[in-house]
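This structure is in structure tokens; I'll ask about it shortly.
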Amino acid sequence: MTTSDLRVGVVGAGAIGADHIKRIASTIAGARVSAVVEPDPVRRGAALESAAGATGYARLEDALDADAVDAVLIATPGQFHLPVLLPALAAGLPILCEKPLTPDPESSWTVLEAEQAAGRKLIQVGFMRRFDPEYAALRQLIAAESAGELLMIHAAHRNANVPDSYAQSMLINDSVVHEFDVVPWLAGSSVTSVEVRYPKRNSLTPDRLREPILVVMELDNGVLVDVEMNVSIQFGYQVTTEAVFEKGVARIGQPSGLQLWQDGAFRIGEHADFTTRFATAYDRQVQAWVDAAKRGTIDGPSAWDGYRVAVACRAGVKALESSGPVDVDLPDVPAFYA
Amino acid sequence: MTTSDLRVGVVGAGAIGADHIKRIASTIAGARVSAVVEPDPVRRGAALESAAGATGYARLEDALDADAVDAVLIATPGQFHLPVLLPALAAGLPILCEKPLTPDPESSWTVLEAEQAAGRKLIQVGFMRRFDPEYAALRQLIAAESAGELLMIHAAHRNANVPDSYAQSMLINDSVVHEFDVVPWLAGSSVTSVEVRYPKRNSLTPDRLREPILVVMELDNGVLVDVEMNVSIQFGYQVTTEAVFEKGVARIGQPSGLQLWQDGAFRIGEHADFTTRFATAYDRQVQAWVDAAKRGTIDGPSAWDGYRVAVACRAGVKALESSGPVDVDLPDVPAFYA
Amino acid sequence: MTTSDLRVGVVGAGAIGADHIKRIASTIAGARVSAVVEPDPVRRGAALESAAGATGYARLEDALDADAVDAVLIATPGQFHLPVLLPALAAGLPILCEKPLTPDPESSWTVLEAEQAAGRKLIQVGFMRRFDPEYAALRQLIAAESAGELLMIHAAHRNANVPDSYAQSMLINDSVVHEFDVVPWLAGSSVTSVEVRYPKRNSLTPDRLREPILVVMELDNGVLVDVEMNVSIQFGYQVTTEAVFEKGVARIGQPSGLQLWQDGAFRIGEHADFTTRFATAYDRQVQAWVDAAKRGTIDGPSAWDGYRVAVACRAGVKALESSGPVDVDLPDVPAFYA
Amino acid sequence: MTTSDLRVGVVGAGAIGADHIKRIASTIAGARVSAVVEPDPVRRGAALESAAGATGYARLEDALDADAVDAVLIATPGQFHLPVLLPALAAGLPILCEKPLTPDPESSWTVLEAEQAAGRKLIQVGFMRRFDPEYAALRQLIAAESAGELLMIHAAHRNANVPDSYAQSMLINDSVVHEFDVVPWLAGSSVTSVEVRYPKRNSLTPDRLREPILVVMELDNGVLVDVEMNVSIQFGYQVTTEAVFEKGVARIGQPSGLQLWQDGAFRIGEHADFTTRFATAYDRQVQAWVDAAKRGTIDGPSAWDGYRVAVACRAGVKALESSGPVDVDLPDVPAFYA
């Protein structure tokens, strides 16, 4: 592909879609938003204002018919991914699909089959943590084995609070879902079981939720992982990982930036939400995808990664109501993804 | 009691006993070592050299007969505590007994009965973490509820390595034993169940051991506690606690002291073993005990605390070979200790 | 200007020029390298390989004649800036000029006159620290006065070592030059005097240098600034600033990223050189310039900022060989720049 | 000397004297307060309440006549030190004298002569920073030269505020006085000149004061030292030292202890005043003095150290009203102190 910009069709103009449109316009090299696909005309119109030169469409098929896009970025809610993925795959276009790939293993498997039919990997799934510099440094440390082999991981995922639409199962499907992707990527091994333990309930959590929870995961290589999942912690947004090696311990996600002494304390600001915590990760993810799409490939989590996360999520949701570990049964990885 | 020094008989002149003798001589106000009780004449002689004015005895009973001591500090291995505790109690002397009180719940119960027969609390158990300034600050924060109620605790106890005498059960009886005391003290609630999970084994651990382990404890008030117990981590000695509240998170045991930039990195020295990590705690513990003994009381963990830790340890050892949680069944606390 | 890419001519294809070429190609939205201006054919050829679609020229005038560029990024050594700035200004093109604007106040004044003749601000000077997120946060804190007024600044600029070409005057002209720009930008006030104090000489510094030095600067608003300038510190690259307010103290440039316990110490990696320390700043600087150039303006340090830094540098060089403070005499700011 | 307690006469029962009385009673091994010397009967009576077994005296001579003390701890204001030091020296008693030795070089010289007449070192001066574990670690690092030779020191001494009695000269005589002792002790070299620079004045400082100040000191070995002296910083009490070596940088006095995330920030508590910041230093200082006194010697800063600090303070006070460096002229060290 030449130096000309990749024409990206962004599907879904909600908060995340609008954010991606702005990102492509202002911080991504070699790409531009050529189409905004959104059934809601108000949202579509608003999004088009920040995407100079883009055309609006109600359906992806219309943009494809108009030959308006070189690649597709899917930013709709997860339950609408399948009907967008299939025509995009059929058109042979590179796809960046926000997580989850689809909401369940069966529909994800359908996507795998469609991608294999298309003949090459077209789908990159938006597990953006892999593009965070600290996660990348931790993965490198694990691979180098300079501190010995990895034995355990302690993780925490803490949100100040969650919107009214956040249901109990979303502790797994919307939040721990990230750990289901990034932990195997860090450790080089798949999740084989998931258990959920309930600590004392936070009285500040909405009535419909029982949390925080402690999720205990086993990996195929024996590494044991615990994840504190917490969505009413009030103080800010924090995602941390502590890796225990044979000869050392590493930690990411710690406070950084301007340090201030005032009013009797030393302090460092904490993030308020994921938009600042993972800003660099989002930028790098989209840039990597654009660069890879121009080369006809992907550079990030594949559809297979999306599938195995869907399987783990199903086990995790079951574990919310079980006692003891729930097995995660993965089929053999298809040769196409091996 | 007047300003005259408390005459302490130290029983056991191994490493810990020798350390206490030195401590009393050099950093404790209002006390002096008047007797060293140690059957081994070589050790006894060596210990006496650093305890000017003290007399050596082979058995505690001889020191008691000689009216040589006002109080007893027991620093023998745990299996020898009972035969020292009983005569000291019979003599009505204040006792600081190194942990564990005794190695099992039955013998610990015998001690409780003897103490109750003596008519007042004479025994303080050497769970020194309670005297560490950071543990004390954390307990105060929990009690204040300024960050809301306590929900979870994540703890880690890491040793560089352990001596040849360290057996698998000592992961519980010698190491997690500290958490069995200090976590209830922090959280104001007893341990009700213990589970052990096995991560990947450290290849650097001795053949006889399978560790690290992850210990998951439930407290009566619903707080969930996980403890990484690790005795071959190589890099140093580290004991950390992270408390998760409704509105915040607190952490103790983090690096402190001189900061150095050299050779491409910023660094802060980590402890090599417990002697430096808990130096202040040991000093404060013995001073508190001496001061309390002069007032005819104790100021620290009681024999009842020693008993309930023994019960939790038994459950923990069982959990080493079980899957799922093992219940910790405590009898009602005797009125004497309530 | 539309969504079409800004065609940037990069002048100078040494290390910094090559870095900018790569940056524009891979991380900057809305711009592409259309011309590489470099007299050395080997360097020019190498640079063109990473700038797909760009044309090589030996002189800027040739690129201008070919109407090949919308904007000019000057990355030659400082002594060659003037002969590039003048034709670029004459052509009315937006310019990003690496620091220094020019090597001395007189030639910088010539540039100011040429820019004023051009009728609008075309020049942005490459003092990239202003685009570092931590410097920006510190400036915001100062402006907010939430910790009271700014009273003092303690700064340190430490290099592991310097190349053979680094002469004593470059302690000022190449290194402290950054503080001469960023400190007034932080504090909202100009430098009025500069003094240099000599501590013990580092025996590891090259024979031709006498350093580290302590530079003491006074600002017009009374703020006192000290800068440790150190170019043989061996351990890494570090730039820190500590701001003392009436009611607090703030600090930037502290260690961040992955934390590791290994071999008896807690450690955080330090930067090896400016390319990683200021990577984000360079990216943001060029993006801001590209965005502003498309709007027909600048978004960063102006030519006037470049001029006043040149005046401060002259005083600083004089201070290297004087005792006591050397005055920095600035003319009134021309109305064009006020 | 045997195991019997050192009988200490505390002279002065103001805040610091009362603190020492409590310290000796509760945390110092091998000593007890046998006499409280204080002309004010109310203070004397109050102090005696916390010194069981001690007798009150209006004048030191009375306590000496009564043979009531083995050693003297002087905790009066500095202008009253001389009339207490002389009789104590004449009596041949070990002395711990709070800083300053005396308020001026001439009277300090008189003390040196009296001590030499007494025939052995009896006076230890209360520069307690030498007993702070972090200062000790830094000194060890400097002596080891593992990071190369020491080149510079950046220090900061920050008080939240000062009492009404604090005058401008006390910036030197009461505060920087500590740096005049501890910096030469760290660096192994004497102060040769002192300069004072004035940053912007803190509007929150009392009208009678002009501060903060920046004190620049040169040492005989070429090391350059800057000290920010700040007594109205509001946020807390902080004393930090940063040592610049040939191959590294070390820093002490940084935040430590319980870490808390709450309300959008990570925070660590800062000290409110010197009583907590230097609690360990005070304890260790008095214990070292008691132990040394029993051996007939001192273990800390000598009267000569007190004298040279008095000389440096005189230069510092002159520097408050001078521009440029003021020389510190020390006589040769008497053989007695060499």
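Each chain carries a letter (A, B, C and D) given by its place in the written order, and its residues are counted from 1.
Here is the rule we use: a residue touches a chain if its C-beta (ideal position, glycine included) is under 8 Å from a C-beta of that chain, and two chains touch if they have at least 3 such contacts.
Chain identities (UniProt): A, B, C, D = Inositol 2-dehydrogenase.
Since the model is a prediction, treat every value here as computed from it, not as a measurement.
Participant: Among the remaining chains, which ones contact both chain C (Inositol 2-dehydrogenase) and chain D (Inositol 2-dehydrogenase)?
Facilitator: Expected: A, B.
Participant: Any idea whether A-D or B-D has more C-beta pairs in contact?
Facilitator: B-D
Participant: Using each chain's Cα centroid, which is most distant from the centroid of chain A (Inositol 2-dehydrogenase)?
Facilitator: Farthest chain from chain A (Inositol 2-dehydrogenase), going by C-alpha centroids: D.
Participant: Counting in whole Å, what is the centre-to-centre distance of chain B (Inositol 2-dehydrogenase) and chain D (Inositol 2-dehydrogenase), each centre being its mean C-alpha position?
Facilitator: 37
Participant: From the C-alpha centre of chain A (Inositol 2-dehydrogenase) to that of chain B (Inositol 2-dehydrogenase), how far is it in Å?
Facilitator: 45
Participant: Could you give the separation in Å between the centres of chain A (Inositol 2-dehydrogenase) and chain D (Inositol 2-dehydrogenase), each centre being the mean of its C-alpha atoms?
Facilitator: From the centre of chain A (Inositol 2-dehydrogenase) to the centre of chain D (Inositol 2-dehydrogenase) is 58 Å.
Participant: Which chain C (Inositol 2-dehydrogenase) residues sit where two or more other chains touch them?
Facilitator: As it turns out, chain C (Inositol 2-dehydrogenase) has residues touching two or more other chains at 235, 238, 247-249, 261-263.
Participant: Under the touch definition given earlier, write down the residues of chain A (Inositol 2-dehydrogenase) that touch chain D (Inositol 2-dehydrogenase) in their complex.
Facilitator: Checking each residue of chain A (Inositol 2-dehydrogenase) against chain D (Inositol 2-dehydrogenase) gives 235-236, 238, 255, 261-270, 272.
Participant: Can you name the residues of chain D (Inositol 2-dehydrogenase) that touch chain C (Inositol 2-dehydrogenase) in the complex?
Facilitator: 148-152, 154, 156, 158, 197-204, 212, 214, 216, 221-224, 226, 228, 230, 232-235, 238, 244, 246-249, 323-324
Participant: Which part of chain C (Inositol 2-dehydrogenase) faces chain A (Inositol 2-dehydrogenase) closely enough to touch in the complex?
Facilitator: Touch residues, chain C (Inositol 2-dehydrogenase) against chain A (Inositol 2-dehydrogenase): 2-3, 5, 24-32, 52-53, 133-134, 137-138, 141, 146-147, 247-252, 254, 256-263, 287, 291.
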